[in-house]
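Next up: some structures, all given as structure tokens.
The same subunit A turns up in both complexes below, where it pairs with subunit B and then with subunit C.
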Partner chain A sequence: MTRDHLRILLPIFSLGLLLAGVFYLQPRAMSYFGLNLLFNLAVPVALATIAQMMILMVNDIDLSIGTFVSFCACVTATFVQSDPVVGYAMLLGAIAVYAAMGAIIHARGLPAIVVTLGMSFFWSGMAILILPSPGGSAPAWLHAMMKAKPPFVPVAIIAPVVIGLIMHYFVKRSSLGVLLRGVGGNSQAIDRSGWSVLGLKATAYGIAGLFGVLSGMALVGLTTSADANIALRYTLLSIAGVILGGGEFTGGRVSPIGAVIGAMTLTLAASFLSFLHLSSDWQIGAQGAILILVLAVRLVFTRREALA
Partner chain B sequence: MKFKNMLMGVIAGTTILASTHAMADTADKRIAFSNNYAGNSWRQAMLQSWDKVTGEAVKTGVVAAADAFTTSENQATEQAAQIQNMILQGYDAIVIDAASPTAINGAVREACDAGITVVSFDGIVTEPCAWRIAVDFRQMGREQVKYLEKRYPDGGNLLEIRGLAGVFVDDEISAGIHEAAKDSKFKIVGSVHGDWAQDVAQKAVAGILPSLPDITAVVTQGGDGYGAARAFAATDRPMPTIIMGNRQDELKWWSDEHAKNGYETTSLSIAPGVSTLAFWVAQQVLNGKEVAKDLTVPFLRVDQDNLAEMLATTPEGSVANVEYSLEDAQTLIKSTK
Partner chain C sequence: MTVENNVQNAPQNGVKALFGLVSRKAWIWAYLAAAATFIAAMMAGSGGGAEAGSLLYAAFTFASFTVIVGIGQMFVVTLGPGNVDLSIPATMTLAGTVALKFMASDGALVVPGLLIAIGVGLGCGLFNFGLILLMRIPPIIASLASSFLFQSVAIWSNRGLRIKPPEGLADFATGGTLGIPNAALVALGVSVLAWIVLERAIIGRWILASGQNKRAARLGGVPVTAVHFGVYVGCAVLAGFTGFLLASFSGGANLNMGTEYMLMSIAVVVIGGSSIAGGNSNVPGIWAAALFMFLLVSMLNSYGLGAGVRLILTGLIIVSVVVLASKKRGRV
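Now for the complex of A and B:
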């Protein structure tokens, strides 16, 4: 039982516990239809969490992911739908901006927290410019994809599993993944062995941008239209998801599968509380309590292991 | 004899059925209320009205349940999840005050597909399968300028206080104001975002005032009039005519000023009790009544004549209110057909 195993077991256990609680409170959820309703909104959260994970992996933090996802959702619901060429160009441009942001943060030694906070206003402004009042519509193929009803297992379960596995192989098994984790763990060592940290950071941010775009698109596929403020909550949700899933703020220590499970746990926690008929005044606090509880349990385990 | 008894029983049964017909059809129905925000006086009053009217309706057996849920944060994604949870909980109807007219359409569609009646009000949804009890926000903007035209036939400079950027209510009211102002002698010389909150409005107005010429009147969106008044009071400028939004602090300030120096203005907004109207509409739809998909809510207007009366019935920190009855809903439904 290595540390990595423990790291992934705890999120799985907390998700299982919550799921059992939800099934107990609302047996109707225990069906294809129910699971889809419970988890379909977790798909864009999971994608945003992966984006945040890429940034946390290189020892930075991204406070703009929520507004960025909103921006991507607005582009998807407008340009991608009406003018696909312009729309996709804009989304590619947005990814390029993300990569450039990573490069600038590294080259000028800027604190990522400040740069991304600044960028969050930029994305928010762009989103309002593109979609001054809520509207737009989802491209038909995207809507069909998110609403698809494959046999036996709903999309809401298939998508997170696929995302988690792909990112697991990329981060944990591929050589680029190892290098990126190295940048977060010890960038000087990577630098001295002849790799361009600048390039690697830009890559990490670029991949984060890509997942931000995917998150925005998935969200529009589900909601069928966009709103400039649609995903503001994703900034904090994504950070919480990564940490809940076994990641740490000190770079290089992340778990993609854990992050996806973390995102699902957070989504489920909100449903669990509403099934409990808990007053909304207490819900934010209760959500926080669940988060603290999971982290506290994790701390107990890791401490014990360190002592052993 | 036996047959006669049976016949009597059948007759008695039918009479009972007929007499309770209006109520019995929805007696086992459960209605949920998905609310996206509870952080201001208007929303608080709205939730209280809901509790009061639906509590009574549940007690008298009109419906089986009418539970209100508020999302912990005012986010469309959260509300979509909340609505999906309600589908799982097996409610027969969902009444929605939506965080976004479009961003929860996916969840609303899911609800309709599950055979659930969806009624949106105030913050309406555009999904065609839902009912909408809409506020004509544009008209609300136009009414303000119309009132000012009567007061100041020669026109003047207007300061516009807007709501929260990117929210459609803000766009609509503002569009109405600009539309009406274009055809009048008024000129909008400044525009700030007050986020429908007195403190934000006060800061925003205080910030822009030094750069502005003389202001004749302030057009607002509600919840920001008192803040604007405070900002003006802090300068040596004369107090402009500030259109109010039915909040108690606004009405109180207006009434005090009127007592002091005969200050006059008008105040209009939507009564928070509109949630009860939505409840009755949902009940009527569940009852099998034919209801047009688009209904319009009347404004609640406070003028100098009824100011004292409205102020007296408005609790401190709240907003002028009326609650709607089943008859009000039926009248509205009939008039829209």
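Now for the complex of A and C:
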């Protein structure tokens, strides 16, 4: 457990440092309203990051999550709003497609990177079909939920904490979570002890699909409209978030809490730049730089860990 | 699996030989697919030799950019699982913008401009490799992070300006020689070079060996680190060069000119029959896959389908090609 704790310390520390920087530059951000503004766009990113984490956990990678979230956002802003039954059926169908994708990838021994790449065309085509031009509107309840103002702590803080804790208990404590991590760690061992790796992979992908759907819905709840390219950046952000949060590409070593913190760090990085009055040209660059920086620091930690 | 056994056992000698060839040369499938899409695209059009010619001409022109970056990506992928360069689009954009800004439409500065584009590629490659080797960041995330940085530098240096390439250069990039697009000739040159490196030079053996088993290769005396260095830097140089060529072709660099090449470069490697798990690559397949990808889009276009349907079909076809190819290649 101590290794896991160490692993999570670095993401927490980097988020804290960044937050301190923001507060130093703009003390007024240190308020209910300020925090909400800083982090509310982190909620959909965090959900997408969890989705990516589920895929990385079983040693695959999902290059389609950005277009998938865009697709879900489009469905939410159109069908779910106007025709709930059809809308939810479509979203459920999308989750089923995700699970099927996981099953096919495993059954055929396909490279996930290519299949998801192909699927990213598929989702973006679907999104354009549903919403050819930006528009739509958020279902009232969703908008109300994302814009709710609970006492003391804003939604933008509560939501990530809840997501992180739930997934922590699922991934680290539940038996299904252990099996899924086992698929990433040693799928042969899981197979030989009588579990269906096919089923487990499908489950992992299905859960990823579910979080993709949630991410799309949360995004529409915030922006109140959608377009077919709304979340394209999420593919890269989600991978970066998982890694930033202490996850690894292989071996089923992931941390849900870390992933959520990673997503928050990346969102905050963009705001930090604007508080520094740096040109917005460097916003993407800053996310890259922070990623490199954190990984560099992690290298120091892991070396020490290896020595100890 | 049973299907595969039947296929291998049942046929008679001639057919058997053919199947043997096809299963050994996975890239033949990609050529068949490209030919099929070409025929399908022609069937949708009004027909005529002139149309076929112009479609082929366009296909070879656009495929050549994909081929050059695809070859770079192929070498990277050959290095084994986890090796993918996601910074290709950003490197292309950066090299294109910087080179065009330097040339400032002055025909006398073409050669220095080209050198600058290649230099930018070199710099990007060194940066990538530095992250991978010195900081031990997994290649996917390293190239991802550096692509953010490159993209930012490109935005900063470009500032939305669209500088025209020097006239002679633009004419060269868009023109053709003896009915063959110049871009395709350049890509062909790069391909031949890449083929020689991969198939006939010791470096190619080293690259394949490192991809098949890094540890075994190292113990066998292959300078694995140097191989990785060469491959990553080479890939970035090719990306920089493509950025230069593409910017000259399309009348100026813009900030999202590389975007589609991220998916494209990976897709052509895999559809072309190289193993995504590394250690088994081929150059001819890259051409087939690049032609296939372009013809696929133009076929769907010529059937008058909307952007949405086109994307959906593109996605489904890519996935089916991969599924089908995996069956044939399962044993190799």
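Some points to look at:
The rule we apply is simple: the second predicted complex is superposed on the first by the 306 of 308 C-alpha atoms of A that agree within 3 Å, B and C clash if a C-alpha of one lies under 4 Å from a C-alpha of the other, contacts with A are read in each partner's own complex, and residues count from 1 in each chain.
Everything that follows uses one rule, which is that a contact is a pair of C-beta atoms (placed from the backbone, for glycine too) under 8 Å apart; a residue touches a chain by one contact, two chains touch by 3 or more.
For clarity, every value in this text was computed on a predicted model and none was experimentally measured.
In the superposition on chain A, A:Q26 contacts subunit B only, with no contact to subunit C.
Legend: residue contacts after superposition of the two complexes on their common chain; A:N40 is shown touching subunit B, with no touch to subunit C. In the superposed pair of complexes, A:H277 makes contact with subunit B only, with no contact to subunit C. Legend: residue contacts after superposition of the two complexes on their common chain; A:I128 is shown touching both subunit B and subunit C. When both complexes are overlaid on chain A, the residue A:N186 reaches neither subunit B nor subunit C.
In the superposed model, A:Q287 lies in contact with both subunit B and subunit C. In the superposed model, A:I243 lies in contact with subunit C only, and not with subunit B. In the superposition on chain A, the residues of subunit A touched by subunit B in one structure and by subunit C in the other are 127-128, 132, 283-284, 287. Residues 38, 67, 69-73, 75-78, 80-82, 84-85, 87-90, 100-107, 109-110, 126-127, 165-168, 171-172 of subunit B are the ones that touch subunit A when the two sit in their complex. Here subunit A touches subunit C in the complex through residues 61, 63, 104, 108-111, 113-115, 117-129, 132, 236, 239-240, 243, 249-250, 279, 281-289, 291-292, 295-296, 299, going by the rule given at the top. Note for the complex: subunit C touches subunit A at residues 82, 84, 86, 131, 135-138, 140-142, 144-149, 151-153, 155-156, 159, 263, 266-267, 270, 276-277, 306-319, 322-323, 326-327, 330. Across the complex, subunit B is touched by residues 26, 28-29, 34, 37-38, 40-41, 44-45, 127-128, 132-136, 219, 222-234, 267, 270-271, 274-275, 277, 280, 283-284, 287 of subunit A.
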